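Given below, in the form of structure tokens, are the structures.
What follows is a pair of complexes built around subunit A, which joins subunit B in one and subunit C in the other.
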Partner chain A sequence: MNGFEVKRKDLGDVSCLYIKGFLDAHTAPVFEEELQKLVDEKRFKIVVNFKDLCYISSAGLGVFMGFIEDIRENKGDIKLTNMTPKVFKVFDLLGFPSLYEIYDNEEEAIKKYNLAE
Partner chain B sequence: MEKERQQNEEIDERLLELTSLIEISKTLNSTLNLKSILDNVLRTPMGRMMINKGIILLEKGEREFSVETVKGMPRELLGKRITIIEHPDIPFLVDELQEEKYEWIDFFKRFGIKLLLPIMSKNKTLGFIGFGDKIIGGKYKEREMEFLLSISNLAATSIENGIIFEELREVNKKLDHSIQELNTLFDIGKELNSTLDSGKIVKLLGYALMGQMMVNKFALFFENDGTMELNYVKGIKELRFSTSKKNDREFLKDLCSIDKPYIVKEDSELLKDVYFRKYGFIAIIPMRIQDKTKGIICLGKRVDGKNYTDDNLEFLSTLGNQAMIALENARLFEETLEKQRLEEELAVAKQIQEQLLPKEFPDFPGFDIFAVNISSKQVGGDYFDIIRLDKNRLAIAIADVSGKSVPAALLMSNLQASLRALARAEISISDMISRINNMIFENTSPDKFITFFYGVIDGTTRKMKYCNAGHNPPFLVRKDDSHLLLDKGGLILGIMENLSYEEEEVRLFQGDVMLLYTDGVSEAMNVNDEEFGEQRIEEILKKNRNLSSDKLISKIISAVKEHCKNVPQSDDITMIAIKVI
Partner chain C sequence: MITLRKKRETFQLKVPSETKNLEIIRSFIYRTAIKAGFDSECASRIELSVDEACSNVIKHAYQMKTDNFIEINISIDKEKFVVTIIDQGKGFNPEKIELPDMMEYLAELRVGGLGIYLMKTLMDEVEYDIIPGKKNIVRMVKYFYALEE
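Showing the complex of A and B:
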């Protein structure tokens, strides 16, 4: 079974999630749990760093869809960074770039949050 | 001299033109990107000849041309379509064309296009290149038009390649998308097949729907007993159905008849579609197993604003059916598990019951005693006991505990404990029963009760004292075929506190036959739902009074079996026969 890991780092009121490995139907619940934790803690400014993510399936994307509305209603967002071309292709195919802000690196995404304040 | 100079100038100009042509040909061949090809085709001549406007249209449908790129003109024109049926196939000046013959020319006139060059390839019009005025003024000279024609010819091949490339890219993208869909089905399928947890299956289906379709409003219904039940809803808070509302009921029932995926029409007045629109559902996907609709997926708008295509519906159908099969497997598994659990429980109950019942009967001179218990599959809660109290006295008890299986067996065990604890105490039978009643009442809920008969035979005086707490009255048949029903006592045990009980003493004579039984005997049903009945028991007793107690019981059992032919035993059968010898 291909593994998946998620680590979290809080920088001020922005939370960064570092996801690693394979985000598919099998591992989606793990990621969902981590996002749910953030929502429960009312930390709605979220950056997801894709640097070490090798693969994402649509079930993985489904997790993002399940939260985005709720998070935006609370004046937050999920911004995505450091995507490899392979992962970006899946995002692109399903039309996600029109819905999510994608940045080259974490700093840009955090800066964007700070500017908005 | 003057002529020479003019000639030189002309040669220079020609050279410059050729250089431009080579340059443009190089650029055109260096890319397959249609947009940059088109930009180059306009840019070079506009720069070289100082032209203020440029436009390129490409064929998009049968004789339909769409504006693909503009320079020096409003960008809103991009994508605008015009129909051009007939046109000259050489470059021509817009003003020189007869307007009555070519209606479409008005469009170009309006935007100040002066020169139009058809882009031809193999006698087919790929499109048009249009140019406005030269900034320095003056009409297009024939040589300039020739130069532009060369460019347009050069462009034709590149544009054609660009178009093919574009189409290829589109096909590729579609292919990638199909691969992506297959991956999703594979990914989800793998996961669906590895779980039997229906909650998890529903969740997985949700992920796939949201991720693949970009939708965050959806609902899942599952079939149950000819109607649908809402099982899962995401993103719609007010979605609720009540079976007490007629329309809700009809809607849910109606869902079962959906056998194909479809898009809800704006003007449909069908009840289900009115409901779907009310909650914002657009795409409706039945989940089917073997031509039966077992569930429905209702999807709201896609967040990216796209419509659901036929391909999407097909994909969703496959996904839905796959999930439904996994759910069905999970359900069957749970059912099997439940059945196993039940069987295990019954085995435990049976074991408890077996351990409580006496396996051998004490030898009691002057009496021939035999007892039997045939428990039903369900383990009905019958209990009997035969206790030698002392040298002269023998206690007999028979009881039917309410309920079945383990709860009944536990109550039975309670009863036995109380009985055994009190049987040898120096108290009257009625008092003892009263105490047992209180004990049972305190330890159980009022819906649990016991019918109980208890008697103590004194071997020397040949008398029996008994108390009957709501149990089927035992028969005491005398030698002369008269009989007594032993029914003195009181209410069944466990429903009320502090009850008092009566007791009665009967004399026993040589040749008397006593039978204690439970309702598993008297109420044994045949195929026509007729009970075996007390009457039949009485007849058998009287007819066979000379048999030994075990044979007598066998007689009754075979009669009951004969009566209940082809009907499985539904309750425990318990009997104690006592003959006075």
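Showing the complex of A and C:
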């Protein structure tokens, strides 16, 4: 089917990543590379929009875990939005909602960054 | 609705050990689970468990070498859906696998090792049969009765 795609949009100092398709052991390195680019550019305020993501496995969850410490140490965060119920269930099963802020939409996540300034 | 099944049905898929084939594996599992009578949520749970098991085979048993095969067998009878995953890669000692305490895992921002936790959480039974130097077998079971509760 459609594999995996990631698109980026920078809005001021916040970067939004739009992920689409399947995030599994095959596609996780593509997403990892995109997050690494943001870290290299010192853009630590990140929003990941899950609207078009239809599947996630632990390899995909692992990408978030691999970056979160470094990003938070640099006063940034990875905020998650627009998660489908199927993908949310996997996050929830592992207790990830206690570690990551999850919003209904991108605007709410961006507002949260702006309020914190 | 649960399909009334008088005799056992079996299905098989054998694919090269490459991560790009995980999509084919998932589709095979999900469609067969739906056909067997599971609802979409339950079929998704089995799909994710098998993805995790096969990702582990590719990464750990075959160490990302792509010239090997993963064999996936499904056996369905009136009470259960059984998935058996067989590889000829490097074995391991199942007794040494420790399931993470998720509270500690998240607090310490650990990375990796969630696959087996998911498999054990999502399936009713997970068993390993390691035959050193020959093959490794992971057997996972989902019972239909849970649907009737």
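To be clear about the criterion, the second predicted complex is superposed on the first by the 115 of 117 C-alpha atoms of A that agree within 3 Å, B and C clash if a C-alpha of one lies under 4 Å from a C-alpha of the other, contacts with A are read in each partner's own complex, and residues count from 1 in each chain.
The working rule: a contact is a pair of C-beta atoms (placed from the backbone, for glycine too) under 8 Å apart; a residue touches a chain by one contact, two chains touch by 3 or more.
This one's a predicted model, so the numbers in the text were calculated from it and none came from an experiment.
Undergrad: After superposition on the shared chain, which partner residues are touched by A:39: those of subunit B (first), subunit C (second), both, or neither?
TA: A:39 contacts neither subunit B nor subunit C.
Undergrad: Looking at the overlay, does A:54 come into contact with subunit B only (first), subunit C only (second), both, or neither?
TA: A:54 sits against neither subunit B nor subunit C.
Undergrad: Would you sort A:30 into first (subunit B), second (subunit C), both or neither based on which partner it touches?
TA: Once the two structures are laid over each other on A, A:30 reaches no partner at all.
Undergrad: Using the superposition on chain A described above, determine whether A:102 touches subunit B (first), subunit C (second), both, or neither.
TA: Touch partners of A:102: none, neither subunit B nor subunit C.
Undergrad: Classify the contacts of A:86 with the two partner chains as first (subunit B alone), second (subunit C alone), both, or neither.
TA: A:86: touches subunit C, not subunit B.
Undergrad: Shared contact residues on subunit A, subunit B side and subunit C side combined as an intersection?
TA: 24-26, 57-59, 61-62, 65-66, 68-69, 89-90, 93-96, 98-99
Undergrad: Quick check on the complex: what are the subunit B residues that touch subunit A?
TA: 173, 176-177, 180, 183-184, 187-188, 190-192, 200, 203-204, 206-212, 214-216, 234-235, 303-304, 306
Undergrad: Show me the residue ranges of subunit A that touch subunit C in the complex, using the header's touch definition.
TA: 1, 3, 22, 24-26, 55, 57-59, 61-62, 65-66, 68-69, 86, 89-90, 93-96, 98-99
Undergrad: For subunit C, which residues count as touching subunit A in their complex?
TA: Listed in rising order, the residues of subunit C that touch subunit A are 19-20, 22-23, 26, 41, 44, 48, 51-52, 55, 58-59, 102-103, 106, 109-112, 114-115, 117-118, 121-122.
Undergrad: Could you list, by residue number, the parts of subunit A that touch subunit B in their complex?
TA: Spelled out, the residues of subunit A in touch with subunit B are 24-26, 28-29, 57-66, 68-69, 89-90, 93-96, 98-99.
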